[in-house]
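Next, two complexes with chain A in common: one pairs it with chain B, the other with chain C.
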Partner chain A sequence: MLTKKSPKLPVYGIYLGTPTRKKPLSRVDYTFIPIDYIAHWSRCGITADYLAEYQAFNFEKRDRVKNILSTIINELLENAVKFSADAYKEISISIYNYADTISIQTINSTYRRQAEHFDGYVQKLLDEDPEELFIENIMKNAENEKSASQLGLITLVKDFNAKIGAKIIPDLERRLYDIYFKVVIDTNAIEEL
Partner chain B sequence: MKFSNLKTGTQKEVISLDFSASTVTIEVKEAIKRSEIIESQYLIAEVYNKYYKIFFSKDYSDLEAKIEPYPHRYIYAKVGDEIVGCAGLYTHNTYVEKYGDVSTEDIINTLLSLNLDPNHYNLEEKREITKIVSKPEWVGKGIGAFIWGAAYSKFFLGNQTEKPPIITCCAKLSTFQYFEKFTGITTHKIKSFPEYKIHEYYRSQRDPMESRLVIPNLDIPNRWYNLKIPSVYNVGKDTNSLKFQSLG
Partner chain C sequence: MINETEDYKVIVDEDGSEAFISGIMRLQSPSAYEKPFEGIINTLDKCENLLINIEELAFLNSSGISSLARIVLKARQLNVSLIIKCKQEIPWQEKTLTSLAKLYPSLEIQTS
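Our next item is the complex of A and B:
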């Protein structure tokens, strides 16, 4: 839990396991500044499509895989942009293919309040049944709560069986928090989804 | 220092202004070159996202997803080589028509309520001033208010016909009050603006949004309507007034 006094860094989900020693077969690292996406929101879609299509060459059902990966990447990109504290502070997205899995990680900086909100949300996402969480969030959105819907992240877990993880690293000097968020998809299962 | 040419066509009181407060020298222009348009768009996007968590797209707009359309034209204030403030103009398909449920009939009714003859206005040609922003580090120097006034210049409104165009705007009440106080430009309520998620951090129950009408010969002082653009101005603002002087 992210609290002012807690000495322990919040690390959740797949970040808690031992990192793989495998070398990625495919690797793309893409860095950008959020203002480009704030100014032209459609760039989220074209970036996600490009990165997804790049990965989809490894699959038989290219269009199907491209669509799934594009949905996942788009969700992560949009969240990283929406919850960035500074429109000119870099965001990065990395997509690694380890043969048996595809890992997609975003890193962005956010304010304490957003970091705390995200911290609580990730814990819920890992602890609760995604179907129930999905319905709960739909109800909240219907009540027009001011928070972002975050249905997208639940959908990734619910519909694509994605494994997720998060790390929140404080940058005390800048009073910001670096949010690491990772989604891992099973390569063998993705064409059958 | 005295100002010249401050008489208004709207018969509003004009005060002779002393220009002793600290001022900023700005170059005011319409964004014509692609570089000027890009810089204006990025400034609007940066400020609207910072304060209201709003995003922009040229391809589509979705007020529930907090994605706004861009205006069609821009006017900006530059200090050195940096755009420090700008405003946009919808030259058709205005925001109040698209999202505010404002019809031509609503506009005619507003004109009639002001005892104005709708036939004296070009109801087919609508303009809407929008997205007035200042760079956060330049807020408080009068640039936003000056740009609001400059946006109501005949030059920027660009009416194509003899009859004046219909000019609309959409903002929260406090914004209208602020700009009226500093520019003297008055506005007339057409109707309340519907509630959308995109305005969740902008409007409030105590400070709702309205669609309003601006009548050039009634509401826009001559110093704004006939403002020389492009030009360089000294601009200063204190708690009660905006002062400016053309440097030619």
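Our next item is the complex of A and C:
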């Protein structure tokens, strides 16, 4: 839990496990500044399509895998851009292919209020049934128009069996919080999703 | 009624019984979908049956899913018989619609 007094950093899900020592088969690290994506929103989709296509070469059902990976990467990019505090502070996305899994991590920095909200959201996502959470959020959205649907990360877990993890690291000097979010997809199952 | 950009096309046919959504819809927020989905929302007030064809819609982001859910909820509210036609090759489509059917059990999903 992210509270002012808590000395413990919020770390959840797959970040709690031991990091793999395996060398990835492929690795892409990409950084950008949010302002470019705010100015031209379709850059999220363009980037997601490129990164998905890059990975899809390893699969037999290339089109299907590209569509799934692009859907996942686009949601992660859109979230990172929407919830960045500083339009000029870099966002990074890293995609590692370990043969049996593909790991996608985004890092962006956000305000305290947003970090607290994200903290609660991730805990709910890890603890509750994603199908029920999806319906619950749709009903909330129907009552109250919001700038964000709060559905993106839920759909990754619900539709693509994504394993997720999050870390929230305070940057005390800048009074911001670095949000690490990671999604891991099983490559053996992805073509059958 | 046609709402078209270089990325997507939303068409509601003249008698208001069929709508087509095609292309790529990854708009910035749920409110950004109001205009493109306006024709579908309005036709629900006037029809008893509506078929929405999304077979050629490659991508719909979570803001769009939230907006599609609004259409489903309005159909439920007005008791409009709603069919959504999707494509098996596009993985997110059937998964999303199966979840949306929980909002409106009489929503019929046709998969090609």
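As a convention for this text, the second predicted complex is superposed on the first by the 190 of 193 C-alpha atoms of A that agree within 3 Å, B and C clash if a C-alpha of one lies under 4 Å from a C-alpha of the other, contacts with A are read in each partner's own complex, and residues count from 1 in each chain.
Here, a residue touches a chain if its C-beta (ideal position, glycine included) is under 8 Å from a C-beta of that chain, and two chains touch if they have at least 3 such contacts.
Just so we're clear, the structure is a prediction, and the values are computed from it rather than from any experiment.
Trainee: Looking at A:A87 after the superposition, I want to know if it touches chain B, chain C, both of them or none. Which is it: first, second, both, neither?
Mentor: Only chain B; A:A87 stays clear of chain C.
Trainee: A:I35 contacts which: chain B (first), chain C (second), both, neither?
Mentor: first
Trainee: For A:L126, decide between first (touching chain B), second (touching chain C), both and neither.
Mentor: Neither partner.
Trainee: So, does A:L151 touch the first partner chain B, the second partner chain C, both, or neither?
Mentor: After superposing on A, A:L151 lies in contact with chain C but is clear of chain B.
Trainee: Just to be sure I read the superposition right, which of the two partners does A:V11 touch: chain B = first, chain C = second, or both, or neither?
Mentor: neither
Trainee: Residues of chain A touched by chain B versus by chain C: which partner has the larger set?
Mentor: C
Trainee: For A:I169, using the defined touch cut-off, is the partner it touches chain B, chain C, both, or neither? Pick first, second, both or neither.
Mentor: It touches nothing on chain B or chain C.
Trainee: Counting contacts the way the document defines them, which residues of chain A are shared by the two interfaces, the one with chain B and the one with chain C?
Mentor: Common interface on chain A, chain B vs chain C: 41-42, 146.
Trainee: Which stretch or stretches of chain A touch chain C in the complex?
Mentor: Contact set of chain A toward chain C: 41-42, 44-45, 63-64, 67-68, 70-71, 74-75, 78, 131, 134-135, 138, 141-142, 145-152, 155, 158-160, 193.
Trainee: Provide the residue numbers of chain A that touch chain B in the complex, in ascending order.
Mentor: Answer in residue numbers: 35, 37-42, 81-82, 87, 144, 146.
Trainee: Could you list, by residue number, the parts of chain C that touch chain A in their complex?
Mentor: Touching chain A: residues 7, 24, 26-31, 58-59, 61-63, 65-66, 69-70, 73, 89-92, 95-96, 99-100, 102-103 of chain C.
Trainee: Going by the contact rule set out above, which residues of chain B touch chain A in the complex?
Mentor: Touch list, chain B to chain A: 41-42, 45-46, 49-50, 53, 55-60, 67, 197, 200.
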